[in-house]
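Presented sequentially are two complexes of subunit A, the first with subunit B as partner and the second with subunit C.
What follows is the complex of A and B.
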């Protein structure tokens, strides 16, 4: 068995918010694009987002996330002769000596592809935290709960304890309430919520307590989750909360394995939640053939992931000689700057200042913009 | 809903507004008391990149943002109380309060994305910023201005609780 090596001008690894925008942008510029998505359908996290997005109209503000996925897919459909997509496709490895990428489709099919350029838009993985009984059925990552509810229409349980008051914890709590599931409480170890204040306000109004400076000490139950022991980090007090689901929304880590394999210079940046590649303002890594976009470049949010994807796709197409409108970069960079100049983005600004090659991130510093 | 004996944290840091601040100011009372259809009240005190309140306002009453991270400011000379911002705000942070609705009654227009959807005439629980029942109210109308599943529910409530009522809960 020696399957033929397929060719592609631009390979996009990951068909989520960043990858699809990169693909659309590169294809509109004229490049032939292959998108590989490990899930059964395209859209990544967007397809689970039933809430309205923030941002401006350029980022589809006020539109629910799953509708945004549809809009990007429509854009891709307008140049469908340029884009091939393969779902249920896992990229298994990148071989730097000849630039070959190996791919498994499902359990049976295997192929190799040798792209001229690659946009890595591999997204992120959920973090879990250690506590006794965290392997009981009923302990979920927030992403899994969202997939069950919003992709498959399956209620995860009756009463949820949410751990983490970042945007994911807050938004998933709201979606659980919409689905008719009780949320017993949201725990947050920090003295303040990590997500947007308005997301917290809208679930507080529904009667959901947010317990700041609290964490989970243990899950209770023999066969499945029957409750949780919660501990105050302020005074050490512990108490029991009744629940049949414990949902962990304690952060994400960039999915970086393929970037390591590609020999990209990587750096551990706590503000971006893990190892991320050094790159320039056009999202190009230190491997000249490899761009990065979205959460793989550092945990942020979908609006900026989409813009990063557009920059990466456009620059990858330009590097192949396709004629592009250079002014688009300026437009996209302005949008990123706007998205990143709010109160909650200070960490992102600090993190990005540490991964910019040649200080080439548009004059961004940890304190703002100059 | 989330019944519990847990302490209720009313702190701003946990998402509860507890006073006026930039991004969450009340209309001047002298104007507000007489304003037919009411004024928009926005509770959005954090600088985040989001502007649909301003871009959706047909009257230009939510002042245009210089920076997308600006907190909203309402121009009460222009606000008609149309409640389009209530429907458009992704953060469900816009409300309209009409103090001219009746002698003792005010009309509160608020965003609603839960089930079941109430109907005009229904009695509902009016709840405060921590989900506590502030009083009963009567649904006057339900609309879906942007046809995107965010309803605007108009509910009449006793005037003395308008500053607390920020959501409704249907009662069987």
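What follows is the complex of A and C.
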């Protein structure tokens, strides 16, 4: 029997902030969309964000992340005859010779799909660092701890050492304290706090030290984490901190396996935290059938991921001949410009200028990136 | 607590013992030894040490290895050949793939 290769007009890989917005946008335009999500539920990182978002009103600033996921799912429900979603589904490969994508559902189901267009919204993975005993139980990514607490209601331990004072390190520290877990200290190798001061201030008010220019030298313990040795980068002094959990919040990198396999031209851009695809202002990569949106396009924030998803979904639908309102692009580009206007976004602007360069803007303006 | 007071805790702990690839349990010492021997690309290290060939397919170690190559050779990460990324992105049971077999005798 010849196993059927499924067809899809638009395949969205990843059902997080960017992917769901891409799916909603493309379906509203009339396209039939298949969303594949590797987790057991849709919503990506939004579902564990119990804090209120910043950003802009259009991207639900002031609303808690998990409620934002609900709003996008409601939008998708309004055109549910156009959207099929499969959770617990991992995209395993993209074969550029015939455009076939292989998918594993759970560990016991496997199918092929040949989509006309693909939006890659594969998100990010947590960056790890190497130190002695980094394989002891109790060493976690901060995102993993946030999932344990906020999605599954499981407390990771009693006393946490957080490594990294970017927004993830700060927010997860605060949420750990809300859950009744002690935070011994937050370490930051840089001479300044990377995250928003409002988050840092909340933590400082609760008496948790944020140790700048400090790093972890080793985890201690025989079978599980019992403490950590911390080193000052300023004077080399070392000291011990008692903890049973070490949380690494040292950054994210774009998840790009399938983009590589699709032959998209990739570039290492430190400002975007890793290898990302070259693309035009409408998120289309150098593989004409592939768009990219969200953290897979460069580590940024959920608000801009959602707008990128909308642009990608709209443009992918338009490329299939669906009638769209062209002025939407202008609206979304303005929103991105606003989200990326501040001082804190200067890094993002610099990074984007590097992946949108070399005349690959397809005649479209690069103003949004200036 | 000053330097001397952590000496006991740090006894026997060496940066070289850090695990780089948790899936395949490859230590930093191994990675450094081969980089020093001139095997300074992720693809070479993968073939020698199996780094990045386990369940996570390099999601944990790829960047650590790139940074280590960069710091040992002085070549910026952006100029190190990143290595070939092939399907499957996760381990898959051979029985699942075989179920789709349509070649040869037409089964």
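Basically, the second predicted complex is superposed on the first by the 354 of 370 C-alpha atoms of A that agree within 3 Å, B and C clash if a C-alpha of one lies under 4 Å from a C-alpha of the other, contacts with A are read in each partner's own complex, and residues count from 1 in each chain.
Quick note on the criterion: a residue touches a chain if its C-beta (ideal position, glycine included) is under 8 Å from a C-beta of that chain, and two chains touch if they have at least 3 such contacts.
For clarity, every value in this text was computed on a predicted model and none was experimentally measured.
Participant: Look at where subunit B and subunit C land on subunit A after superposing the complexes, then choose clash or fit.
Facilitator: fit
Participant: Determine, under the contact definition given at the top, whether A:62 touches first (subunit B), second (subunit C), both, or neither.
Facilitator: first
Participant: From the overlay on chain A, compute the angle at subunit A's CA centre subtended by subunit B and subunit C, rounding to the nearest 10 degrees.
Facilitator: For this superposition the angle at subunit A equals 130 degrees.
Participant: Touching A:331 in the superposition: subunit B (first), subunit C (second), both, neither?
Facilitator: It touches nothing on subunit B or subunit C.
Participant: Once the structures are superposed on A, label A:51 by its partner contacts, choosing first (subunit B), second (subunit C), both or neither.
Facilitator: First partner only, subunit B.
Participant: Let me test your reading of the model: by the given contact rule, A:104 touches which partner, first (subunit B), second (subunit C), both or neither?
Facilitator: second
Participant: Does subunit B (first) or subunit C (second) touch A:224, or do both, or does neither?
Facilitator: So A:224 meets neither subunit B nor subunit C here.
Participant: If you take every C-alpha pair with one atom in subunit B and one in subunit C, what is the shortest distance in Å after superposing?
Facilitator: 10
Participant: Within their complex, state which residues of subunit A touch subunit B.
Facilitator: 51-57, 61-62, 64, 165, 177-178, 180, 182-185, 191-193, 196-212, 241, 303, 338-345
Participant: Along subunit A, where are the residues that touch subunit C in the complex?
Facilitator: Going through subunit A, the ones touching subunit C are 1-3, 90-95, 102, 104, 107-110, 112, 125, 127-135, 217-218, 220, 227, 229, 236-240, 253, 255-258, 260-261, 266-268, 270, 274-275.
Participant: Within their complex, state which residues of subunit C touch subunit A.
Facilitator: 1-3, 5-6, 9-10, 13-15, 17-20, 22, 25, 28, 57, 59-61, 63-64, 77-78, 82, 85-90, 92-93, 96-97, 99-100, 102
Participant: Contact residues on subunit B for subunit A in the complex?
Facilitator: 1-4, 6-9, 11, 13-17, 43-52, 55-56, 67-69, 88, 90-93, 113-115, 127-132, 146, 148-150, 166-167
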